[in-house]
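Common to both upcoming complexes is chain A, partnered first by chain B, then by chain C.
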Partner chain A sequence: MSSTTAPAEPASRARPNNDGGGFRQTLAKWDFKASPYLYIAPFFILFGIFGLAPLIYTAWVAVHDWHIIGGQGDFVGLDNFTAILGQAMFWKSVFNTISIFLIATIPQLLAAIFIAAALDNNLRAGTFWRMGVLLPFVAAPVAVAIIFSNLFGNEFGLINNILQSIGLDPIRWTGELSSHVAIATMVNFRWTGYNALILLAGMQAIPRDLYEAATIDGAGRMRQFFSVTIPMLRPTIIFVVITSTIGGLQVFDEAKMFGGGGGGGGGIGGADGQWKTITLFLWEVGWRQSNLGRSAAIAWLLFLLIVLIGALNFFITRRISSSGGKR
Partner chain B sequence: MKSRALRRTALLAGVATTAIVLAGCAGGADAGDSTEGDGPVTITVATFNDFGYAPFIEEFMKENPDIKVVEKISGGSDESRENMLNFLGQDSGLSDIEAVEVDWLSELMQYSDRFVDLTDPELEGRWIDWKQSQATDAEGRVIGYGTDIGPQGIAYRADLVEAAGLPSEREAFAEYLGGADATWDRYFEVGAEFVANSPTGATWFDTVQGVYMAQVNQLENAYEENDGTPIDLEGSDVEEIFTTILEHGTEGGQSAGVGQWTGDWDAYYNKDDGFATIMAPGWMLNIIKDRAGADFAGWDIADVLPGGGGNWGGAFLTVPTQSKHPEEAKKLAAYLTSPEVQLQLFLNQGTLPSTVEALASEELKGATDEWFNNAPVGQILSNRADAVTVVPYKGASYKKIHDVIVNGMNRVDVEKTQGIDESWDQVLSELGSLN
Partner chain C sequence: MSATSVIEETADVVPTPGARKPGFSPRRKASRSYGEGRRAGWLTYAVLGLVIVISAFPFYWSIVVGSWTNQIIYSSDITLTVGPNLWDSITRVLSADINFAAATLNSIIVSATTSLSVVLFSTLAGFSFAKLKFRGANALLIAVIATMAVPTQLGIVPLYLLMGELDLQGNLLAVILPGLVTAFGVFWMTQYLREGLPDELIDAARVDGASMIKTFWHVALPAARPAAAMLFLFTFVGSWTNFFWPYVILDNRNGTLPVALQGLQSQYYTDFPLILTGALLSTLPLLIMFVFVGKQLVSGIMAGAVKG
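Coming up: the complex of A and B.
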């Protein structure tokens, strides 16, 4: 930007018959200084409106009694936070969320990297395969959840039918860990392909001469993958890990839809809260119990948790991939 | 020069974009459906499950060409409630007519000034008293027109009952349960007999949740005193009911242990090892038919309910004050709840009318249902309506408390993760953290 503006300045000054010369000049100067900020302003304005303002407003709601219809009540300070932190169900939802997140994310990222590596080869009809892995992502999450909930039905679900037909015991999918696996499966179904494409983009940006050099050095396919691809992919992996962390800690649709309609704990993450995630708990407190103040407090606690785990993730992935790089 | 002009354009464009974005945000909230000029007025009707209104809405539009009606059907009562709570608070986003279920009506009654007063001298005495009083607030404003009511009989699988060697014929079955003096003790006693003798291993009832619903609707003050203060449930009737049903249901093996409204529940209606009885308000009849399938034979309905009469469910049509066309909405709501429409709805799908005239009509009393072994459903349900003597008090916290307890039952019955005592303890602690 600046390289094109610099010569324009003297040109305007040189013009003699310019009645508004002084004004024009200040305008130009102002233009020069301010316009870059205006160019980037839309993002910050949008962020302010849709990101920052709700965050601050939520904090305001969280320190008040707030009924969903009645609106703002008395100022209660940190009471909402202490009430939530004192509820066993909150901690259970934190545990569930992290459990589902781990069960989903680790296999998902491993699978995504290998799928990306496979797609990185010279496949025939490459675009077809690349589009193919993105297909599950196009499906509406709620539709996916409904279909998978049927597959994972306790009594008449397809998976249990198959298990029984080969002589195994049916699995009670609404149990503690089994429900986490079921929900993680839905999450993986949707996100693996998406992450694979992002990783693929990262892989394609790796200079090919590195591979050529590796080949000349006598490195095999596997060796190239672990010693060239993975280290070079480091920034992409960090990006994918962080976005998955944010997404994974906000799992809602899948958990909400799992287990069917209103009975048997469906819709609220299980009668025992076996698969109640933080967002689901947030929704339940706000919309089922009409207590938006506490709901806002949960939202803030979730925000803090995401920041914490995001930071943790960042340092771990940095460490892992940088040690890989030195090798 | 050129680059400067370009830049200025870009600058202007940037500012304009920002302005548009800002304007969009500010204007978005109000730019609703109020943009009809001289054309017909559009009013929306939000219901849940299926009220069967479609043909009547057609009819109404034919008679009122200046009104266009759009029906929105949500997935269920809970979903409607959440939607209602959400948008009632925001003061926008609701339909012109909103259907409200009786279990959470009282929650909204706290904010009765957010609903149009539907009082109409012409409609005086149209509904049965207790139905009308539920939707009338302390100042005498009527905020909802009653749709159906849900007095319960017992729908049962005559084929399974017969196979277990119990009297399966409609009247004999009712008599076996105690007839007019049927008690819950007797119901569970027969249940134990049924379970012990069923050759296919069928269970006695679908889920403890349904049986609990029937019993709790027979209590005058289940969860709250008449002034709305929550009752301490430790050692209460509710605890007693909770424990008894669960003991018979799980330890006694009388419950099929499937959550209501789940796929598993749906699938049990026509199985040989399915459940034999289900508490059946009028609106349940179509649900049973749908799940079991039109060709299935075996279901019947008996004119009996243990513990006296009982009412499960029933809705109201309300008009929120945020409606832009309250007059038209009121007119439509009055039409949809008129005796004629209610009677027709009963004949179509079994939802029992709440208007005096429709309830008393010969057509209703004479109605039979071929699918339910030609049962005289009209007579049975209207007998059941007469048997309702208790109108339970349901205050602002009713639904919240009820949900916690039902979850507690499902933990034991459906998910089998806890024992009865452990689950009840958790119910008490969750109730403690509700407010």
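Coming up: the complex of A and C.
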């Protein structure tokens, strides 16, 4: 036993059978020293070239005139940024993104907590229910967007047909806020179950004796949920909120596909940009208007927004759930 | 009922059948006990049933639309039954001028290569970070984790320029190369191997005179199998469903499935049976996979839930 826990090098020196002279030992020493670096090298090389370098280079592109055809132009300082910030469409895309993000995240989080609480029971065929909840996760956002665009059709869409059959007016889904609801629904469809499972994992980590103690104190199921489950779940909730913030502010696929490829502004976020998100705007400026410099500037502004809202979220979530109960 | 279901449930939430320690979730084992009063009532089943109906409905809806002709779609009747035309829609999607088969092949190539590569390189790096001591390990690992929070879209313009330099625009390699490694993968494998691979096993191999790479291949890799399988699934789903970058760098004619779908939609917008069948068919491979490995995917997500 002692030989197995001893460091590898002295152990092999103590066994003369095993070493084929000085060369072999040097080799083993080198193996020991260099291997860690060799093993992380492929990751860092590939990540450096295709992940990190582009991130840094964006800053360079953003301060230059840079077009798809002409390539790098003059240094323009912060002109790209001021030009973008001066465009009404940019601010509209910021508004749309935040609006879609809020409509998506809040109901999604509430539904996910609710579903997680339902799954956190002694269920028959528990695996089946969990898999069923996760089912939408394997559908590509593009496929989801195509299907939901059909459901949310202005005329003859299933949802409007149902509304009309119960005597309500159909909704024009390509409007300002109605399109945000439609797109948020697509996002929620794909991610609610996923987040429910993450929250479920958090719930199962809560010590069950806390519930026993609460029961002895006379707390009912509801009271237990709000006074034990939610406060104890705080770290997981923060995690879910932050990851959905990062994802939610980058919405592209759904906005690009909504409204179809025909007329009516499908593909560019609506005829008046009713559902143009920041990322969609980034794509449009870069690859439709061929202005990569400005596109890079939008990427930086998006990043700033994500950091800002992420930080805001973090503090709000901490406040709210810490007032719910003590750890 | 309770005894078997407890075994079923526990086996389900502990994701590491091969490893000594239950990897990501040692806390669960200690704290989980199924007290009375937490047994699900009919209301719970009703709620979950409704959730599953909502989850499955869009898939069913695309079958419904695909199985009729456009005429039925352009009516205000509510049709929820399957019609006679599904096979016709499928053959139209698979017909030559849409390149659907080529796109499927492209998706398979991209997803398979990136998943394999992510698993291999992440396990290598994870083994190094978790078990080998070297100067700068901590700083490098922190750098990896920090980049996980940066949106990939921030680098999309330079990446596009880089692919232009490499003359790879429109080439499938342009999608594969940036996907070969992920920071998440390294983080995931490091976390797993820290607890899932006992130090004694490595020391034993070293004492037996195994070189470092042999130790990796024969000790670390087998121990990492459960986490590696989950990483493979995640990466596979992720690259199968990825749209933005492939759309920017590939053209409609030589795209992955999401790119082909968007081409389908912009060309045949009013042909709902065609595009909804396309949407369904593009998801079908993952749906089939999900039937077989959904359980692993579920436990993977639950194991990956960070405590904040």
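Everything below uses one rule, namely that the second predicted complex is superposed on the first by the 271 of 327 C-alpha atoms of A that agree within 3 Å, B and C clash if a C-alpha of one lies under 4 Å from a C-alpha of the other, contacts with A are read in each partner's own complex, and residues count from 1 in each chain.
Note that contacts are C-beta pairs under 8 Å (C-beta built on N, C-alpha and C of every residue); 3 or more make two chains touch, one makes a residue touch a chain.
Keep in mind the model is a prediction, meaning the values are calculated, not measured.
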When both partners are placed on the shared chain, which of chain B and chain C touches more of chain A: C
Which superposed partner A:238 touches (first chain B, second chain C, both, neither): second
Partner chain(s) touched by A:270 [first = chain B, second = chain C, both, neither]: first
First (chain B), second (chain C), both or neither touched by A:57: second
First, second, both or neither for A:142, with chain B first and chain C second: second
Touched partner set for A:314, first chain B, second chain C, both or neither: neither
Which superposed partner A:46 touches (first chain B, second chain C, both, neither): both
Partner chain in contact with A:86 - chain B first, chain C second, else both or neither: first
Which of chain B and chain C A:35 touches, first, second, both or neither: both
First, second, both or neither for A:95, with chain B first and chain C second: neither
Intersection of chain A interface sets (partners chain B, chain C): 4-5, 8, 11-12, 28, 31, 35, 39, 42, 46, 49, 150, 156, 260-262, 266-267, 287
In the complex with chain C, residue positions of chain A that touch it: 3-8, 11-12, 18, 28, 31-33, 35-37, 39-40, 42-44, 46-47, 49-55, 57-58, 60-61, 114-115, 118-124, 126-127, 129-144, 146-148, 150-151, 156, 158, 161-162, 164-165, 189, 193-194, 197-202, 204-208, 211-212, 215, 234-236, 238-239, 246, 249-250, 252-253, 256-257, 260-262, 266-267, 279, 282-283, 286-287, 292, 295-296, 299-300, 302-303, 306, 310
Contact footprint of chain B on chain A as seen in their complex: 4-5, 8, 11-12, 28, 31, 35, 38-39, 41-42, 45-46, 49, 67-71, 83, 86-89, 149-150, 153-157, 172, 174-176, 259-268, 270-272, 274, 287-291
Interfacial residue positions of chain B with respect to chain A in the complex: 1, 3-4, 7-8, 10-11, 14-15, 17-18, 21-22, 25, 75-78, 82, 85-86, 88-89, 107-108, 110-111, 114, 207, 209, 258-265, 267-268, 400, 403, 406-411, 414-418, 429-430, 433-435
Of chain C, residues touching chain A in the complex: 1-2, 5, 8-9, 12-13, 25, 27-28, 31-35, 37-40, 44-45, 47-48, 51-52, 54-56, 58-59, 61-62, 65, 73-78, 121-122, 124-125, 127-129, 132-134, 137, 140, 144, 147, 149-162, 177-178, 180-181, 183, 186, 200, 203-204, 206-207, 209, 211-213, 216, 237, 240-241, 243-244, 247-248, 257-258, 261-262, 265-267, 269-270, 272, 275-276, 278-280, 282-283, 286-287, 289-290, 294-295, 297-298, 301-308
